[in-house]
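These are the structures in question, set out in turn.
Shared between the two complexes below is subunit A, which has subunit B as its partner in the first and subunit C in the second.
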Partner chain A sequence: MSKVIVVTSGKGGVGKTTSSAAISAGLASRGHRTVVIDFDVGLRNLDMIMGCERRVVFDFINVIQGDAKLNQALIRDRRLDNLYVLPTSQTRDKDALTQEGVEKVLNELREEFDYIICDSPAGIERGAQLAMYYADEAVVVTNPEVSSVRDSDRMLGLLSSKTARAERGEEDQIKSHLLLTRFDPRRSGDGEMMSVEDVLEILAIPLLGVIPESPAVLRASNVGVPVILNEKSRAATAYEEAVARLDGEDLPMKIEGEKVPGLMSRLFGRSA
Partner chain B sequence: MNLFGFTFNRKPKSSTQAKERLQILLAHERGSGPSADFLPMLQRDIVEAIKRYVQVSDDAVGIRMDSIGDVSSLEINIELPVDQKDAAKANKKTAAKG
Partner chain C sequence: MQTDVASGNIDGVGTTLKPFQFRGRFLTALALRLSTAPDARFYEMLADRLEKTPNFFTDAPVIIDLEQSQAEVTPEALSELVADLRRRELAVFGVQGGDEALRAAAAGLGLISVTGGRDAPLRGALPSSEQKRPQRVFQERPPMPEAQPAPAQTPAPAPEPNPAPEPAPVPQRVAPENKIVTMPVRSGQTVIADKGDLTVVGPVSSGAELFAAGNIHVYGRMRGRAFAGIDGDENARIFCQSLDAELLAIAGLYRTSDSLGADVRHKMVQIYLEDERLIVAPFG
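Up next is the complex of A and B:
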């Protein structure tokens, strides 16, 4: 059974693409056939983070419009042979994405892949809506900062109302996970950054992982290697653990300088 | 200073303020999110209804929603042209418990 997972946030610059790249590389390293799709039409960047920017010939939009076959547009990762990237167009705009086109491509990918990761653009417009529309699960990337948390709350509202699963009815709703990124345990300990508990209490969805603020993230993007596959770093370890949880493993949460969130907050269902 | 700093010399942590501001804001946004969407449509319908009787332009209607405590008020201001019969300005105000 394949899973479509959207990586979304509302706010820009919180780490959606970094997380999409790390999560897809992590799932592929665990042996799953994985594809990661860039939904940010016109502002393509996943290709750079994945380090395949010079190998793009055809893209997602070409496939949707019938100008190329899906397997012509899929780029196989040079490091992991069960990892593929579907880049988007740099020249078209978001209106080139159609709901039918997206559905057709995702259905075709479902035949071949275990995990389909959709890297959403920022905002709540067409690209972001279509990235989440067919998702089975969502990874909501949030920074411990007021505007990011507010936007994540808005995205959770959209995930539970404007998606195929929401429109189909009560059961099998999208499973949303919180991925807290750019977390600084020291500043949080000093009371100048919200704690993991604070954000969990506000958003009330299960915690997938906490990625510490780390210079390794910029170094990885400089060289076009997903954080998980580059040097050993705390961010890489945190992403590995988050991926293991996404893949169904029950790993205890350890956050430096923080109380470990209790069972109650991890199991907290979204009530509002 | 530090001897008493623990109790007297401490400003509220900014992270606490962040959390409290978010909790208040989101409680409001979650509750009133979709319901505020009807305001433009309400405005259009009101203008249309008025236009059947008097000539007013679309921008002569002001709609404002406010909520203080558990009371939400909807204020509708319609400016009627001077040459119309009666008033130069009609002011209709409704308050509903929210």
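Up next is the complex of A and C:
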């Protein structure tokens, strides 16, 4: 039973593409056949983060428009043989995406893969809406600051109203998870950033993981390797744990700098 | 949207008194609907009808509905009718329908030309012979605060509960249609209960908007905007389990979060109108 997971945020620059790359690499290392699709038409980035930009021949838009077969556009990762990337076009814009086209490609991918990760563009326009429309689950990437939290809240509203599952009815809604990125325990402790608890209180969805702000993330992007596969770092460990939770494992949450007693139980209390 | 007299001043300087305000207002009026030009029999029946319940009609605002009879009623007949009604202490103030000549004649008699409004349901008590004089509610909607957003963004359709007893906003005999939302109301979402109360069981985010003709209840942290009594019901109230709202409005009078003191923030409160002031009162 394959799952379509959209990685979305509303706000730009919070770490959607980095997280999409890390999550898909993480799921693949756990043995699942995984594909990650770049929905950010015109601002192609995922292939660079994944380190396959030089191997792009055909892209998602070519497949949608029937110029190429899906298998011609899928790029197999050099490190993990069950991980594929479906890059997007750098020259087209988001109008090239059609709902029917996206549905057809996703249906084809569902037959081959366990996990289909959709890397959403920022904003709430066509690209972002189509990236989430056919999703079964959502990973909402949020930074611990007010504008990012508000945008994530807006995305959660769209996830619960403007998606295929929402339109089908009350049962069987999209399962949304919160992935808090660029978290700096020291600044959160000083009150410069929002605390994990503050964010959870506003968004009221289960927490998938907290990724600490780390230079390892930037280094990994620069060499085109998903964080999770690059050097051992706190960020890599945090992503690994988040992926394990996304894959259904019940791992305790460890948050640096948050030593409030009973926090764990409260966090998990929310995720019911 | 009406401006606010109630918002406090954070500098502690007294609020300046505004010389006037525009307020939306409802008004119940009687419409005298003419089926034909008034004749002797008409006046006889009218006198008869008015005698039955004299108090009900004294000083009642009345409009004359000419929509069904404008071909037959002459300006002279209209003038005569108005004079007759005024002798009987009915406060005739307008006409509805009528051709140009009739409207000109009405203007000469000091009557305004009314458009819009809608009929109240006929009461069963009215005898069938009274068809000429159905009761009519004449109302003008006060302007909605801002453009009314499309209800398309409301979360999955909330179940419509059975109408609970509540004070009707206007003397219309319409059963309220209350709405319950059991999901978080997210930033950018709008929920409208245009014919009754709105109850939200869950948090309301900053940037979300709630509208209700009646009361608004929020069981969860309230960070968004709430507009109760959107049709002008000044008895509508807002109840919040934990107040952190951006804006609160009842019947068009509003307060923003700037003017909410720290003493009510995050408290369980009710908000109501008292003497044109928006009161935020904590419970307990």
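The working rule: the second predicted complex is superposed on the first by the 258 of 272 C-alpha atoms of A that agree within 3 Å, B and C clash if a C-alpha of one lies under 4 Å from a C-alpha of the other, contacts with A are read in each partner's own complex, and residues count from 1 in each chain.
Rule of thumb we're sticking to: a contact is a pair of C-beta atoms (placed from the backbone, for glycine too) under 8 Å apart; a residue touches a chain by one contact, two chains touch by 3 or more.
Just so it is clear, the structure is predicted and the values come from calculations on it, not from any experiment.
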Superposition on subunit A - do subunit B and subunit C clash or fit: clash
First, second, both or neither for A:Ile202, with subunit B first and subunit C second: both
Touching partner for A:Arg150 - first (subunit B), second (subunit C), both, neither: both
Contacts of A:Ser160 with subunit B and subunit C, given as first, second, both or neither: second
Which superposed partner A:Val56 touches (first subunit B, second subunit C, both, neither): neither
First (subunit B), second (subunit C), both or neither touched by A:Ala68: neither
Subunit B versus subunit C as contact partner of A:Met194, first or second or both or neither: first
Clash with subunit C, by subunit B stretch, listed 26-34, 44-52 or 80-88: 26-34
Common interface residues of subunit A - those touching subunit B in one complex and subunit C in the other: 150, 153-154, 157, 201-202
Touching residues (chain side subunit A, partner subunit B) in the complex: 145-146, 149-150, 153-154, 157, 188, 191-195, 198, 201-202, 272
Subunit A contact footprint on subunit C (complex, rising order): 152-156, 183-189, 202-203, 205-208, 221, 223
Touching residues (chain side subunit A, partner subunit C) in the complex: 150-151, 153-154, 156-158, 160-161, 166, 169-170, 173, 201-202, 204
Subunit A-facing residues of subunit B, complex: 13-16, 18-19, 21-23, 25-27, 29-30, 33
